[in-house]
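The structure is given below, and queries will be raised subsequently.
For clarity, chains are labelled A, B, C and D in written order, and residue numbers in each chain start from 1.
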Amino acid sequence: MRNHKYKVSIVGASGYTGSELARILINHPEVDIVSITSESHKGKRFSDLHGQFSGIIDFELIGADDVDIENIDVVFLALPHGVSMEFVKRWADAGVKIIDLSGDFRLSSPEVYEDWYKKEHTFPDGFENAVYGMPELFFDEISTATLVANPGCYPTASILSLAPLFAAGIAIPGGAIIDAKSGATGAGVKASNTTHFSNVNDNFKAYSLGNHRHTVEIQEQLSFLMKNSVILQFTPHLLPVDRGILATSYLSLDKEMDQESLTSLYKDFYKNKPFVRLRNQAPSIKEVRGSNYADVYPFWDERTKRVIVVTAIDNLVKGAAGQAVHNMNIMLGLNESIGLQQVPMQP
Amino acid sequence: MRNHKYKVSIVGASGYTGSELARILINHPEVDIVSITSESHKGKRFSDLHGQFSGIIDFELIGADDVDIENIDVVFLALPHGVSMEFVKRWADAGVKIIDLSGDFRLSSPEVYEDWYKKEHTFPDGFENAVYGMPELFFDEISTATLVANPGCYPTASILSLAPLFAAGIAIPGGAIIDAKSGATGAGVKASNTTHFSNVNDNFKAYSLGNHRHTVEIQEQLSFLMKNSVILQFTPHLLPVDRGILATSYLSLDKEMDQESLTSLYKDFYKNKPFVRLRNQAPSIKEVRGSNYADVYPFWDERTKRVIVVTAIDNLVKGAAGQAVHNMNIMLGLNESIGLQQVPMQP
Amino acid sequence: MRNHKYKVSIVGASGYTGSELARILINHPEVDIVSITSESHKGKRFSDLHGQFSGIIDFELIGADDVDIENIDVVFLALPHGVSMEFVKRWADAGVKIIDLSGDFRLSSPEVYEDWYKKEHTFPDGFENAVYGMPELFFDEISTATLVANPGCYPTASILSLAPLFAAGIAIPGGAIIDAKSGATGAGVKASNTTHFSNVNDNFKAYSLGNHRHTVEIQEQLSFLMKNSVILQFTPHLLPVDRGILATSYLSLDKEMDQESLTSLYKDFYKNKPFVRLRNQAPSIKEVRGSNYADVYPFWDERTKRVIVVTAIDNLVKGAAGQAVHNMNIMLGLNESIGLQQVPMQP
Amino acid sequence: MRNHKYKVSIVGASGYTGSELARILINHPEVDIVSITSESHKGKRFSDLHGQFSGIIDFELIGADDVDIENIDVVFLALPHGVSMEFVKRWADAGVKIIDLSGDFRLSSPEVYEDWYKKEHTFPDGFENAVYGMPELFFDEISTATLVANPGCYPTASILSLAPLFAAGIAIPGGAIIDAKSGATGAGVKASNTTHFSNVNDNFKAYSLGNHRHTVEIQEQLSFLMKNSVILQFTPHLLPVDRGILATSYLSLDKEMDQESLTSLYKDFYKNKPFVRLRNQAPSIKEVRGSNYADVYPFWDERTKRVIVVTAIDNLVKGAAGQAVHNMNIMLGLNESIGLQQVPMQP
């Protein structure tokens, strides 16, 4: 047994992924949070930014330049895309394990990135080592990775919904429609018209029809699983809730199916995956709130001959900070579930 | 100019359709509400049930037996399905115009009704005269009808979304997927686990996968428009909001399309329809809240070669009481918009 | 009967008071909205800013300089305090009736204003003519006024709660505590941390303890009614709702009281006041939502010998735009209720 | 070190206190949940009732008769008042430590109980041994108790707000006003008009003016602290949120005060109380959500010479299940904070 804890640093204190990482890691039995950074708030206490941490994490925020990177085991980048890549570049050879929660290294190449993110990529070399951090698909690769690109929230829900069917090669490559709904925290901590209370409360809308950048992330992973080029329809919507993504996916298959076979296929695929819970009815987002679970319900509609899959995750946990800690556990060779046993908070 | 107002009665005081009818009709310049009925609350004042009417409608509720049907011009049945058919039967020959807000006469035949509603129909003869009360499709039939079956809330949003494409005969008959989301008032006024605050608030879920009874109502109308048998996928979800339906529909066509042609097709179809607002971006439900508008946004996705239509209505107004008053206006030969000019309440 | 409608202009299009004025005035039978102004959005259509007005008010916003003030009967200033006073100054002698919805002329003097608003007042002369626009207290003064200072939202609820007791001279001058709760629209249309969805949703907090500037507005009016100097405790809270203020007020009296006498006192005071509804149980904010009603429930607690008054208003209507239109009706010599008959929207 | 865990049983599975106890206890390092009971759902799995426990607690519910009480260390009664007393009676001599989350043994005598609860008490003898389970006041008594009456949610927030001032003997005995606001879970898991979504959402109201039964519980504890008879005003309100109580309390003192002295008084009183966090600004309910913290902010208003105290708790945790586990820790001689370190979940 090790007689010390691993040292971790969180870079980027002000956003929700930063505070969620802190919420999970502060009670993780194998790690110590040794620093949290913020350029705009350095010198303030972490609990000044996030009042819920009063008396829990009261130490001061430091600048990223002051992170003692040589003595850190794992660094979490909780930064906007475009900013994150600079830190990956800077610390690529520092011997620290990096978990990047931004979108900067999730795609297959700098070219695809630039095409969908409309932004030049300043560290194209990073793509070579980056592993897509979805433990249900890439456990082995993650266990030896030094740079993990933590998946997006919508892609996490979407890929977990459809992976078994695409991996089995029975999906029609252009036949998937993902109608996804996310809570407002998905739009970030920054005040804007999009997140103004009276624009969200008692309201609901679709956005980014046909062009949301998570589309390509989902397409790439499903194409990889199917070994075929997948085109899919992805429509995000904004829910008047804080947390949670519910993805309702529709898919036509190229073979006969029934409920029993469908259930079996999913059970086999997610065997021994501790955070995927196969449900026997459509889950609600509150049944996973605050937890790292992805609740997946595959349904065969005999009348229309379509598969419908309903998946619920907490976008800030399984869709961000929880999955990041899951990746950390695997990278450090720990029990993959350790520190992630929070029961979903309902009501 | 007539020197009197039309006399109307609302049968069924306790539900949301009853109170919404009262909200609209009390300010309608051409009608007087002469009675409101309730079997379980007779003797109480209407404002005892619905506090918002204090000082506005304070008269007493009567039993349906005490409605002076001979002297009523229009009766609104704001009753549960199964109960409503009894009143239609009773008053079918009384010379009163009947607008039934239940599902009892919306479908094509008693057989289809019994198949989807799992209930015997006790007045099959009613189907002969019943007109499906969607003014955008059946204005002429409504104008001479004595019994109007007011459409369901989901069907209103769904049919208005897709009617132009099915009427044009260019939809693939099995190719429509309607992913619909409704506020909790759609589940009615009665307290239940489904509508318990902490089960709905900050939550979201799908329900009735593959078998919601509004599916057949939509299918029948679209089949009628296309003169072909349509099979469609309809998935309802429960939003943590009071009012509003947003339907996101996906459809593949059997011909080439582009945004401009799609927009034209919708503009032509809804020309001179005062309550359909064609939008140039996806509407939100609050932009129609409290009003009789249906906001429709058809979008062509060139990448996936699919039409996506986003439609927003208030389920209690355009999806129930407002559409009922619209039908009444047409049945009485009034200006179809009169009394329905409420501006949507946002925020 | 006049053969024309009054011409009104709304100065300040982007905020909630601007859009609420438009919502009410567009259906007002005696006025035409001839212009709406915005400096930052001029050239855009009003419905571009407020999607709910699509097809209803699609005309273009103009700059305030382009308002044809000579031909306007009433101008509504829906502007922030500090900005509003400039327009009052500019149009003070233009012959137009001005209704100012800001806080610039609500207090008794420029000195009090500067003390609580921490801002120099640039048009002190305006105070001479300004009438405090609460029709229940100053109907006659309003009917001849050329400048009406429309009351604040919290003061409207608070003053209506306590006016009968202070006017009767039986309140203990330092004994009133008003614990008030407001929806998020009270914080305005501008995105900020205060109004960020995830900071408000499923949350609740007190703010401005001991120093909210509406305190002095309430104190001045109650002092005026009592002809004595009143000091009161006012604590605002932020509710996770869009609209509505609920004020719970506590007051000790200097004489014996019972429920019956208390009710009588309030009934007499609010006799023939069409928008004050005395209730016989504590009202909820949804029972007045979207309407100009103030629902007031005075309760005598025999055990503690205190009066508790619970009052509910819609902060954007009775607390702003509705009360402004009420003032307009009185200034123009119209029926005071005209155009303000909207039934509260519940649910 | 003990080589076994304590065995606990939860009696009453269907309510929110039951599921919250399970949420906390399942991750408590020193206890095993050996049974959960339900009379109406026996035979079902716990996770059938509370979907969030899928894969976490899937064992079957048993009837209370089947609890192996001899081998249980601590039993939690998560039952309605009136029912709970029967179980206390039954197991009073069984050697098991009982923590009763109902109101049955919180008051000073059966007579007071019957006066405020309007119900006969069937186990008056229980009052002798019952200890009021507020660890900040009765740590020593709890440590040796066999029956703990877990405090009510409103009393927890209210007493923690005012205890330092009453204990110091400087409060005016009739001068406290507590204006309290609670989330809807306070009304329980059972569907009713009170908890119907559209009656709560976007709404707010006061209820039980002057006669809420928690009043007497607060009065008794504050009287006990002050050694004087206290009469207080308590007004509860219903917030459109799931969890959380915010109590805003107003109090006049019989001596001079200033902010610094007030803060010191509270700091001294709550020294070494791990779950009371003295804040330097008014807390919001989300800053304690899901946690056992009570955030207390005492404020001196020099203008009005009153103390205002704002306190936030999670009604289901510090106001119920968390405080119960805290009591259990003390009764078992464990570290009082163990198993209760959850960081508040914000957003």
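Here are some notes:
Just so we're on the same page, a residue touches a chain if its C-beta (ideal position, glycine included) is under 8 Å from a C-beta of that chain, and two chains touch if they have at least 3 such contacts.
Note that the coordinates shown come from a computational prediction; the quantities given were computed from them, not determined experimentally.
Counted by C-beta pairs in contact, the busier of A-D and A-C is A-D. Interface subunit B/subunit C: over half of the residue numbers present appear on both copies, so the contact uses mostly the same residues. Summarising the inter-chain layout, the chain whose CA centre lies farthest from the centre of subunit B is D.
For the pair subunit A and subunit B, the distance between mean C-alpha positions equals 40 Å. Subunit A and subunit D, compared by their mean Cα positions, are separated by 36 Å.
Look at where the CA atoms of subunit A average out and do the same for subunit C: the two points lie 46 Å apart. Annotation for subunit B: residues 16, 185, 198-199, 201-202, 240-243, 283-284, 286, 289, 347 touch two or more other chains. The touching residues of subunit C, when paired with subunit D in their complex, are 174, 177, 179, 181, 198-199, 201-207, 209-210, 231-233, 235, 237, 239-244, 246, 248, 250, 282-286, 289, 299, 301-304, 306, 308, 310, 312, 347.
Of all residues in subunit A, those touching subunit D in their complex are 16, 19, 22-23, 26-27, 50-56, 185, 201-202, 242-243, 277, 279, 283-284, 286-291, 293, 295, 341-347. Those residues of subunit C that touch subunit A in the complex are listed here as 16, 184-185, 189, 191-193, 195-202, 240-242.
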